[in-house]
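Two complexes come next, and they have one chain in common, chain A, joined by chain B in the first and chain C in the second.
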Partner chain A sequence: MQKNEISIGTTVVAIEIQDGVMIGTDSQTSSGPLVSNKISDKISYLTRSIVCCRSGSAAQTQNTIDNLRSLVLTNLFERKFPLKVQHLAQIFREYCYRENAVNSGFICSGWDCFHGGQIYSITQGGYIFNQSIILMGSGSIFIQGFCDANYRLKMSELESKNFLTKALSLAILRDGSSGGFIRLAKITKKGIERLVLNPIKPFYKIEVQQIPKFILV
Partner chain B sequence: MDYNGGSIIIMGGKNCFAIASDLRFGLDNFTKGHATPKIFKIHEKLFIGMIGLFGDISTIRQMLEYKTSIYSLKKSEKIQPFGFSSMLSNLLYHHRFGPFLVETVLAGLDEKDNLFIESKDILGAKSPSSDFATIGSCSESLYGICQVFWKPEMNLEELFKTISSCLVLGLNRNCISGWGGIVHMVSKDGVVSKIIQTRMD
Partner chain C sequence: RPKGYYFLRVRKFKLFMGLFHYDDDHRIWKDFNLKNFWRNEKEFLINSNAFFSVKKTGTTICGITFKHGILLASDTRATNGEIICDTNCEKIHFIAPNICCCGAGTSADTENITKILSNQLELQRISSGKETSVQMAVSISQKILFIHKGFLSAAMIFGGFDFLGSNLFCVHPHGSSEKIPFISMGSGSLAAMAILENNYKNDLGLKKAVLIIQEAVKAGIYNDTGSGGSVDLCILTRKKIRIIRNKIFSEIPKFKQNFNF
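Entry: the complex of A and B
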């Protein structure tokens, strides 16, 4: 990777909820220490009910997604029923493995009528795995413990919105390359709904009462 | 230089100056703390700001404390900015071939309350200025921002507003500085310190 190439140091959390899937991301893209975009959208649409979240080098991931969108269209022409999330995730995996896409990670998630909401993570080099909660990006390591402690299977929509907001606010507070505001996406059989939120106050705005005196000498 | 991060601005006004820094303590992109200013007071009218490797910052601070204490014991008076600056340059150049990875910036008022602002590189080369000085990870963008907002002969209140808006503008676009700011306003009447709220991301 070239020095100061635009990369998405980021935080992405995707969880399965009662009627589908909910995904939260931050909104900052950085190029080295410089913030190049404070309002970026890291959730890319693949079909009407499947989205993809990207992390890693921005150029590589955008290129992969463009190629995959054309593959999706070719597949749609050949079949009569809509694409399964599992099938699309496997196309992703095969593409990443063959192209040897270094420094890019994806989360492919969505809702289909066969298995409901599903989340698949495709890591560097093309390993695919499926879980109910998946964390991705440079900021995800700071909230692993929080998610382990607070996540429960099949939460309701309100509970999962609170969980995602808290988790992302904590990651934005600690990680230098995550920032901006929180973007949420909910995918159910009705389609994709989007929401934009600010990181919540107790974690976001911390009052520094007193600087220790010895530091000023 | 971009490992621990941080940024400092100094702005000069009419027989007074303001020095501001961010409060982040981080290791690459991990923010460990948000109560670490990088400005140190030598005496009431002389402040030094340092950006770079935090270990070297602590070492230089302790060496300077020792040298200024010895000076004030021998001469029974506080060290003047020009003398202090030469002493610091000598200290930094002493390690010419294994330098401290620290950039420094000084601000002071001498006995006649004349303004003294100087920035140094890692080997101690002096670069005086009469208006403002910035160092740190976003120093290039801060130079542009300060150039727009600085006016000559400002008093302390205007200085505070200008320097805090410049600092916040610069920190918003930088990943490794931020998480709060502290401003010290210094004049012949004393030092006033204020903490400014910034985005915590």
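Entry: the complex of A and C
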């Protein structure tokens, strides 16, 4: 990346829940040591029930998403039926590989009527893989252990919300390039619902030592 | 066929493409003249810093949303390395009857991008008959900047009032854009951002918003060597736009000063 380019050093966690998919991100973009935007939205919509999370260089990811939206529209006009998440992820991957999108990572997730909620991660260079929990970004390394220990398959909505807020608060606590507040998105059969939350503050107990009354010199 | 036939055909084609020039000294038509190539290479190797001296504007530009619309403000100094070449230059550009833009970075880049933008948008307005949205201006400039991979150093703030309401966008030199309630860019952005963060609230009135943004640009002028001069202001509301040139006017030094030694 060039000097002082806007980067989305971030934390993104995407998990599959009972009815669909739930995604959580932080909200900070930085340019070198400075924060350029602390209320940014890293979740961008592709169709009515498919969503994409961006990380890496802001300019390149925004440009690829603009080009992809036009590809998605041509596809929809031809087939006149909602796109499968798998199909969209493959279009993503082909585009990233051909155009050599350096410094950009995506998570393409959504709900479709064939396989329910799915998450696909497209890494730098165009490698695609599918899992039920995906972590992405510079702050994700700090919460790998936490997610491995606490994630269970097919959690309910409330449990997954708690899990995501805890995980993102821990990452925001320890990572310099993630910050701001937490943005959640839930994608189900009904569509996309958005939420904004404050991160939970550190929860250590700080014990204050009492000053003794007598100080022996 | 005669020998000179192909040369004639090639020459006419190149004339058509504008690749030939007429050499007045020798009175003949000539092709590319590449003799300055070696001079450029030597100059670049000796002194790469002073090779291109562009007119750069180290600036402070700010944008803020208030109740009825958008305010944009900027300083007025243009620098060329360490020399100030213009103490009262215009950094607020007009793009459409409802959109204005502030530009920071290399002034040639910002001026040319805004010219291209305003011409393209005028043609679109004529053919479609509707007013332009700010998002459209932002997307076109984003595309231009992304294609040039960050070599056009132009950071811009777009503000305008359209059918969706009041919008404030910022565009960075590599081609990323963001929609935000208040922003400051340029070399004096840190000082101005401190003032904006301290004083900004939702739904400000016009007078308070003008005070806040003036203080922000003044902070940029005082604390940054690349910004200086007067403060320009631009008020954008639904009914009209109003560009106030030199809202706070700082004295230009006089040419003749009578010294008594």
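Assume the second predicted complex is superposed on the first by the 201 of 217 C-alpha atoms of A that agree within 3 Å, B and C clash if a C-alpha of one lies under 4 Å from a C-alpha of the other, contacts with A are read in each partner's own complex, and residues count from 1 in each chain.
Please note the rule applied: a residue touches a chain if its C-beta (ideal position, glycine included) is under 8 Å from a C-beta of that chain, and two chains touch if they have at least 3 such contacts.
Since this is a predicted model, take the numbers as computed values, not measurements.
Enquirer: Which partner, chain B or chain C, is in contact with more residues of chain A?
Expert: Counted on chain A, the partner with more touching residues turns out to be B.
Enquirer: I'd like to know which partner A:160 touches here: chain B for first, chain C for second, both or neither.
Expert: neither
Enquirer: Going by the contact rule set out at the top, does A:37 touch chain B (first), chain C (second), both, or neither?
Expert: A:37 sits against chain C, while chain B stays out of touch.
Enquirer: Under the stated touch criterion, which partner chain does A:10 make contact with: chain B (first), chain C (second), both, or neither?
Expert: neither
Enquirer: Is A:47 contacted by the first partner chain B, the second partner chain C, both or neither?
Expert: After superposition on chain A, A:47 lies in contact with neither partner.
Enquirer: Answer with first, second, both or neither: which of chain B and chain C does A:179 touch in the superposed model?
Expert: first
Enquirer: Using the superposition on chain A described above, determine whether A:55 touches chain B (first), chain C (second), both, or neither.
Expert: Touch status of A:55: no partner.
Enquirer: Output the chain A positions appearing in both contact lists, the one against chain B and the one against chain C.
Expert: On chain A, the residues that contact chain B in one structure and chain C in the other are 34.
Enquirer: Which residues, counting only chain A, touch chain C once they are in their complex?
Expert: Interface residues on chain A, with respect to chain C: 2, 5-6, 29, 31, 34, 36-37, 39-40, 57-60, 62-63, 66.
Enquirer: In their shared complex, at which residues does chain B touch chain A?
Expert: 2, 5, 23, 26, 28-31, 34-37, 39-41, 65, 137-138, 172-176, 180, 182, 193, 195, 197, 199-201
Enquirer: Write out the stretch or stretches of chain A touching chain B in their complex.
Expert: 9, 26, 28, 30, 32-35, 38, 138, 142, 172-180, 199, 203-206, 208, 211-212, 215-217
Enquirer: Report the residues of chain C in contact with chain A in the complex, numbered from low to high.
Expert: 139, 142-143, 145-146, 150, 172, 174-178, 180, 190
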